Structure formats: C-alpha cells, structure tokens
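Each structure below is given as structure tokens.
Below, chain A partners chain B and then partners chain C, in two separate complexes.
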Partner chain A sequence: MKFLLTPAVVVLAVFAAALGALFRWSLLEFIPGSLRPGGLTLANFRSVLAPQYLDTVWETVLLSAATTLLTLVLSYPVAYALARTPSRRARSALLVLTLAPFFTGAIVRTYAWVLVLGNAVVTWPLPMLFTERGVLVGLVHFSMPSMILVLAAALSHIDPAYERAAASLGARPARVFWRVTLPLSMPGIVSGGLIVFAWTLSAFATPELLGGGKVKMIANVVKDLGLDSFNWPGAAAFAMVALALTLALLAGLGRLTAGRAA
Partner chain B sequence: MRARVLTGTLVALLIVPLLASAASAQNALVVSIWGGNWKDTVEKVVAKPFTAKTGIPVEFEVGGTIDRLAKARVAKGSPLVDLNFTTTHVARLYISDGLYEKLDMAKIPNSKEIAREAFRSEYHLGSWAYVYTVVYRPDLVKEEIAKWADLWNPALKGKIAMPDFDPSHIITIAALMEGGNEVNWQKGEGKLKQLKSSIAAFYSTDAQSQDLMKTGQAPVQVMLSVNAYHLQEQGIRVKVVQPRDYPGIVGIDTMAVMAGTKKADAALQFINLALSKEIQSELVKALRAGPVNTGASVPQSLAGQPGIFVTPAQWKERGYIMNDEVRAKNLPAWREWFTANIVKK
Partner chain C sequence: MSLRLVVLALAAFLTVPTVVVIAVSFNPTAILSFPPAGFSLRWYVNVLTYPQFQRAALNTVLVTAWAVALALPIGTLAALALERARLRGRNLWAAALLSPLVVPGVAAGLGFLILASSLGLLRSRSVLIAAHVALVLPFVVRSVWVSVKNLDPALERAAASLGATPWRVFRRVTLPLLRPGLFAGALFAVVVSVNEFVVSLFISTRVTEILPVAMFTYVVNYTDPTIAALSTLFILATFLAVWVADRYLGLGRVFLQH
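Let's turn to the complex of A and B:
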C-alpha cells in the first residue's frame, strides 16, 4: 500500500497550499479601489467579527440545525419504507422518486422552488419566498435524498428479528420503534445528520436564489465580500473564520454523538 | 493495407483540425467579455466585420465581471486575452493594478467622434451606455411612477427590487435627493432607510432581476435600461421611467487593451472599428444601449428613451455619471452599509 502514499501526500499538499494561500490573503491589508493588497494586518479579522457578520454566522448555524432536524424527521419514514417494503417494485419506485432530484441539478430544482414558493402555483398563508422559511424548505428538499439513502442503509442493517422479539414480548409498535428500531438506527441518524449539517453550513445556491438577497448564509457573504466588494482579503478572513467555526462545531457534534453512534 | 489507409485518414481527420485550431488561436485576437447577448452581439456586429476587414480572426473569452478580473490578475504580464470589455468603474481596478496598456489615440481616429463622457481615461474608452432607472409593470402597479421620489410611495411597499451587488445607484440617488452626491453619500442614509420596508427582494444577477419582473414578485425595480428593453422585446409590458426629478444613473461599458499583449495593434483596430458610426448604429439596434459615437443613428423607437443619449446635451441632462474612482473606492463601504442597514432585517 506504500505506492498510494505519494499520490496521497501530493493531493494533501495541494489542499494545504490552497488553504495556506487563503490564510495568507486573510492577513493582507485591503485597499479600497485597488486590487493590490497592502502589508500584513489583522484588521480583516477584526472587520469580519463585526455584529453584522457574526449575525450571519449565527443565522447559518440556526438554519443548518433546523434543516438537519426537519430533514431527519421527514426522511425517516421514507427511509423506513425503502428499507422494509417487501415489494421489489414498490422499493424501486421509492428509490427512483428519492433519487430523481439528484438528476435535475441544484439550480433547476431551486428555480422550481422560486415558482412554487412565490405564489405562482400555490397561494401561501404566509410569505415564503425571500424568507428564512422558504430557504429552509429549499435546503430540506436538497438534503432529503442523501439523508434518506444514509438512513435506509442503516435501517436495512437492523435485523427485523429484534423488533419481532420485542413485539412477541408484548411491546406495542410505537414502543418497538422507540426502544428498538430508533436506537439501532442511531449510526445512520448521526452520519446523515452530520453530512446534512456540514453541507448546509456551506450552502450557497439555495439561499442565493430563495433568499432574494434578504437571507444570507456564510457562503453568500464570502461571495459578496470577494466578488461584489472586491475585498478579497476580507472574503478570505471571513472564510477562515467560518472554516474554523465549522470544524469546531462538527468536532463538538461528533464528540457529543460519538457514544450514541457506537 | 486498407486498415492502414483508414487509420491514417482517421488520424489526419483528428489531428488536422486540432492543428488548424491551434494556429487560429495563435493568430486570433482574443476578446474578453460577458456571455449571452453581450458576446453574441459583439461577435455579430463588431467581430465579423473586423475579420472581414483585417483578416484577423476573433475569439472570445466569456465570464462574469469579477471572474475575468481575477483571471487577468493571475495572468498579469502575459495576458490570456488581448482586449477587455468591462464596466468603467471596474476598469479602474484593472488600471490600478497595471493590467491595461495606455491607448495610442492616433491609432483610434474614431475616438475623436465619441462623446466627451465616453472618454473615460487614457486607458479605456466607452463602447456603449445605459442607465439604471426605475422600471415597473403597469399591469401590476396601479400608481403611476414618474420620478425617483415615487419609490418612497407607501403603496409600493413590498413591491420593489434592487441590486445588492452594487447599491451605488440608489445610494447616489438618495444622496442627490438630500443635497449630496456619491462623495458625501452619507447625507442620503436616512432617506434610504425609509425605503427598507418597500423592498421585496434584492437581486444578484441580471437574470434574477428579469425573473423577478416576469413573475411579478418584484414589479418595481431599479433596473438596467438594457434589461428593461430586453423584457419589452419578450412581450413583458414594462415601463422604463425617465425620472422627472433626478436623472438615471449612467453606466458605461468600456474597451481596453491588455498590458503585455502582442496584438495591441489589432486590438486598437478593433476598438477603432467598434467606435465607428456604422458599428455604433448597429450596436444601438442590437443591444438597445446608447451609442458613444455622437454621429451614430438611432432607431425612431429608441430615440429619446432612457439610456439612449445622442446629443451632448442629453448626456449632460438625462444621465448622472458617477466619478469612476470614487465609485470603485466607495463600493466596499457602500455595500457594507447597505447590507447592515437595508438588506438585514
């Protein structure tokens, strides 16, 4: 396996170099009206720790947590059906329906949501488009296929004999679910949750299109700083702060759920 | 034997076009521009006659404003493109980084025919103009909009959209209304805050702006005149307002020669041709943007419309041109203020 070491080191070196370049840019002074950065400074970090940027980080974390929870709740029954339906045809149909969104592309799907959430198809009692609610709907829809597949894989590894044993000992279906199925599917819940949470933290297209500029997540602000304000050092600093926060959050969540997933 | 002949033919068929295309790329003038209608129009209206006249093929490198700027910066000294189209204030960033070559005006005789306002610097010249103004759908908005101040009408609450990538137009208008301008823009802060509740959405791209208008989600917009005319062509009934109180904010797209290019002469010839009366007249028809050559002819349907300036007086009276350098320098601060005070809940 030693022959794999060299390419692995090369790939990691490229990643490290890119991250290093980002870090270097975050330490260079931004000069408005010029592309040339100035000398070394920590001012970019002070700027991106201003309340308006920290609010964005907080809102991103909240939206990501809400997306993860809602995706889990909505995906679980579908994953259960996918794992346990005896009919092969029904399973295939469920699988096709689950995977179909993958084949349409994120932008097409999100544009479809622009029409649906914008009262063109349905009249909503509350404004949906260009609100956090609308962005949440888009993010959940985007995340569900992956969550369903991860949960279905976990559920299919549970031996139904455990559930039958619990039922034969007098447990009602709800109790069987809460005491047997749910705990045994915890590895899938944790894996799916971490995947959805991590990529929602870096979501861009969904908040960009469904947020109408009013709902901004971390990636949108990085783009705003870098591409609209030409503030590349500021964008690099915000990206570094966001990366550190994301890693810290994921590490914390990983530690919190390590025991449960085992 | 037959197999060898077949293989030889196949190899020749594959290699010859590759070699031909490589040779063409070496001789071609490479023009950097936005995609879609911009590239298609310049290709059809300027590049084809240019090739017919000079024999020099033209290739295009398309992309967004900032993508192309980033690429140019990376390739500084040995540019991947020879000629660049971009907005006048972004051109200031190219100039500040030494990415543009000083223009040899002797080789651009048609530059003598362009409006004074289109002569942006000794590095870049205007190619066409337009305005950011108020555009709305009369079928969805009952109140008549005739001036910038009408945007503050409470009846328009939740109906307006404007760009968030560049709020300089509305910031300058608010400042003008309060007796300031783009330099002391802070004068308009209070006025602009009053507009916050009327804004339904902010758009990041021209496509988003047009979608918001088509679907009626934001039937009143601070919009590029060119995009408004494009919507009209598509059958969307939008009214492009010639504001009675303050002029529209002029945008000028510009052409420049990349520093270090080996095809500077060809690039200058291209610019010269693009500025000629004939080509300018065609550009007006195709883009529905204003000509920079004051002798260009304008179709009757466009004459006098917002963003179409044909006389020096019209340039002066019907459009407000921001100082490029001030705009390039202030844009980050404007965006930060705008995001914190207008975009954020």
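Let's turn to the complex of A and C:
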C-alpha cells in the first residue's frame, strides 16, 4: 500500500526543490543589473537586518497581531450563532454568507474594499484607503471566514449541557459565557488565532492593493525586490525570513496541540 | 435579542463589499456615484471583449483542469495509503502532505520562479501547473481522507469474498463509497486553483497568466468598474458552486463535524 504515496512524494519533491532553490539563492551574491548571482555570501541576510527592512518586519508583526485580535472578537459571535442556532435554515444562510467570501479570491475581495474605502460617495471620518487602518479592515475581513469556521467547529464540540448546568445552578448568562463557554472554546481560539496570525504574516494582495505602496508588509517587499528590482537573492533572503516566522509559529501551534493531547 | 443584532451587523460587514462590487458593476459611468446614475452592461461587454481577459480565462481553464486532473488521483491514492498502509510516522506523512498550505505564497512563488528559470521553463505553463498541483493537493488529501476513514472495510471484504478481483472491488465498491470526499476535494481544488494569485503572479508571463493575475494587473493600472463586472461574474460562479455543494454534499457536514 505504501507505493500509493509515490506520486504524492514526487509532487512534494518538486515543491521542496522550489524551496531549496529559494534557500540556495538567499545565500548567493546579488550582482546589480544581472540575473546571474555571484558566489556564496551572507550579505543578503545582513541587509535584511538593515533598519528599513526591520521596520517592515515589525510593521508586519504589528498588523498581524492587530488583525488576529480583531478577527477573534468579531468572529466569535458569528461562530456562536452558527454553532448554536436551532434553526437549520438560519444556520444554512449564515454558513453560505460566511463561506461565500472564503470561496471568492483574494483579488475580488480586496478590490471590493478598494471600492468601499476609496469611493467619493461615503466620507470616512479618517482617511482609509492607502493607510494601515484600511489594510487592517481588509485583512480582518479576509481572515474572518476561516476564523469563524475554526471557532464554530470548537463551539459545536461543547456539550450545551455544561452551560445549562451552570445556568440551572444560578449563573447569569454573562457568567456562564465567561466561566464555561469561553474556557471550553479555548482550543479553537488558540488554533484559530495562530492560523490567522501566520496567514496574515504572509499577506500580499491586501496590503498591495489597499496599502497602495504606502503600507508594505514582508510579502510586498519580497515582490518589489524580486519582480521589480530583479534582486532575487535579496528577495529570497527576505522570503526565508517570512518562512522562518511562519514555521516558528506553527511549531508553537503543534506544541500546544500536542500538550493538550498528552 | 442583542446577540442577533450583533451577528446581523457582522454578517453585513462580511457581505457589504460583495454588494458594493455588484452594484458598481452596473454603474454606467467610470466614476462611482451613489445612488447609481443608471443601469448599464458596458463593463460586462468590456470584460468579455478585453483580449487579455479572454487569454487569461483560457489559461485559467487549462491550468485548473490540468492541476485538478493530476491532483485528484494523486491525492486519492495518498489518502488511501495514509489510512491503510502500515506506515511508520503516519502523522509526519500527513503533515508533509499538507505542508504546502503553510508556506507563504511569496516564498513558494519566488522558489518556483528561480527553479523555472534555472530549468529554462519560464515561458511554459508546466511550472505553473506543477505549482498548482502542489497547492491544491492538501485539499484533496484532506477531503478524501475523511471519506476513507468513514469507509467500512467489511464492504470491500464482502465484495472480494464474493469473487470480485481487487480492481473490480476498487472500481465498484471503494470508489463509489469515496464519492463525497472526491467531490468535496475536487470542488476545493477547483476553487483554490481558480483563485490562486500570489504564486501564479511570480511564475506567469503575460501569455500564461491566469485570471487573478490579469485582474490584479488591471486594477493596478486602471480604475474603471471593469473589474467589478468580472468580480461579479466570479462571485456568481462561486455562489452557485457553494449552493450546489451545500445542497448535495451538506457543507455543514464538511465543515462542522459534530
């Protein structure tokens, strides 16, 4: 039966080869004006540590953290309704509403926000388009469907009998929520939060279109370096930073889930 | 109840951009106005007659068809092996198969770009298709794996004991029982491939680029509502796919396993 994995291993090998090429080029010298790299060097990683690039990393981490928190808070009520509403019809409608943006691509969703935030019809109290605020709105909107699904899955695993028991012993609804529902949904909160955080760290389309070149996250700088300046070694080094950040986060997630299982 | 109001407001937040895109797509002028100045289909005509979109639509169909046709059998075999083979480190295998999901798009994209250029394949679609196969494979494996887990091996043993050859057992018993997983996997694969943007941006040229890349280039260069019209067509297709999937597969069963 093991041989059935062979074709999948070939696909993974191609994918690994691409990441291997990325890693190798991150260690090669960039020769301006040439697509051919020079010899082995650590210069690319040194320049990634230069202030302008470190600022981008910092900005990316901050935006990702803000996105994760806001997404959590805004997704929870929807997930709760999805998991608990007794009406099959309401659940179905809510599920389709939640999933529809999930199934529409990044470009369509981001373009929609360009229209909403940048139009001349509604005057926003603060400038939105091409600011961090606007990027944040787009990122939260982008992350909500997956967060809702993760939270709803966690909430639907909680036996409502616990909540009924707490209520029948005299706890007010708010207390039932804080002391029973919320703690029991912690696994969903943690994994949803980490998934959204990791995902936002490598966001590209949203900051590219809603940031309009003024707000840059790691992925945007990788694209600038790689596709506009043809500095593949520098772009590769920066992409390796993004990859390392993501893997570190997921290792943390794996540890947390393993800790729970044990 | 106030929770209901909050949920309604949040559902509105999720939906508003979609509604705005659809409204703008029928706007007769290039400059947005509200209420709309009238009703016009000129941006739809634009979408359908813009040569680059025609080319990109064809590329999308080609790349997605190839990617799904390759990933579906590959992922199905892998899911069968994951559940049934005597594997050491089953969890590691599963993690490896799902790993393309967690690699940042720019890292994978740039990696494939460098790989393609070192192989001299920058102008061909092969690297684009290979990348799409790798990116949709996790979705196929995950969906089919659930179906394999729910499949009672006694049914296959019964068929075999009644004299069916292994191939016949696979064709007549295993595959039909895996159908829900195969459908869900194929649906995910199509949706992911059709919408894949970042990796495709790195490894396509004007000749091979798929729709999301062409749309991105258009949005960056022009501000008229043509993209709103194209987006509306995308949203319509997506809603149809989701509705059909919910109707016949029960999305609740796929996403919220009680």
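Here is the rule we use: the second predicted complex is superposed on the first by the 228 of 262 C-alpha atoms of A that agree within 3 Å, B and C clash if a C-alpha of one lies under 4 Å from a C-alpha of the other, contacts with A are read in each partner's own complex, and residues count from 1 in each chain.
The definition used in the following text is that a residue touches a chain if its C-beta (ideal position, glycine included) is under 8 Å from a C-beta of that chain, and two chains touch if they have at least 3 such contacts.
Every value quoted in this text rests on a predicted model; they were computed, and no experiment measured them.
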item: Partners on chain A (chain B, chain C) - clash or fit; value: clash
item: Which of chain B and chain C A:Q52 touches, first, second, both or neither; value: first
item: A:A171 touches, of chain B and chain C: first, second, both or neither?; value: neither
item: Contacts of A:S229 with chain B and chain C, given as first, second, both or neither; value: first
item: First, second, both or neither for A:Y80, with chain B first and chain C second; value: second
item: Contacts of A:A65 with chain B and chain C, given as first, second, both or neither; value: neither
item: Partner chain(s) touched by A:F30 [first = chain B, second = chain C, both, neither]; value: first
item: Touching partner for A:L184 - first (chain B), second (chain C), both, neither; value: neither
item: First (chain B), second (chain C), both or neither touched by A:L129; value: first
item: In the superposition, chain B vs chain C on chain A residues touched; value: C
item: First (chain B), second (chain C), both or neither touched by A:S202; value: second
item: Doubly contacted residues of chain A, that is, touched by chain B and again by chain C; value: 35, 111, 114-115, 120, 208-209, 226-227
item: Residues of chain A defined as touching chain C within the complex; value: 1-5, 7-8, 11-12, 14-15, 17-22, 25, 35, 74-75, 77-78, 80-83, 91-92, 94-101, 103-109, 111-116, 119-122, 141, 144-145, 149, 152-153, 156-157, 198, 201-202, 204-205, 208-209, 218-219, 222-223, 226-227, 232, 235-236, 239-240, 242-243, 246-247, 250
item: Residues of chain A touching chain B in the complex; value: 30, 32-36, 52, 55, 111, 114-115, 118, 120, 129-130, 208-209, 212-214, 216, 224, 226-231, 234
item: In the complex, chain B residues that touch chain A; value: 64, 66, 69, 73, 92-94, 96-97, 161, 164-166, 200-204, 208, 211-212, 215, 217, 325, 328-333, 335-336, 339-340, 343-345
item: Contact set on chain C toward chain A in their complex; value: 3-4, 6-7, 10-11, 13-18, 20-21, 24, 31-34, 71, 73-75, 77-78, 80-82, 84-87, 93, 96-97, 99-100, 102-108, 110-115, 117-118, 130-131, 133-134, 137, 141, 191, 194-198, 201-202, 212, 215-216, 219-220, 227-228, 231, 234-235, 238-239, 241-243, 246, 251-252, 255-258
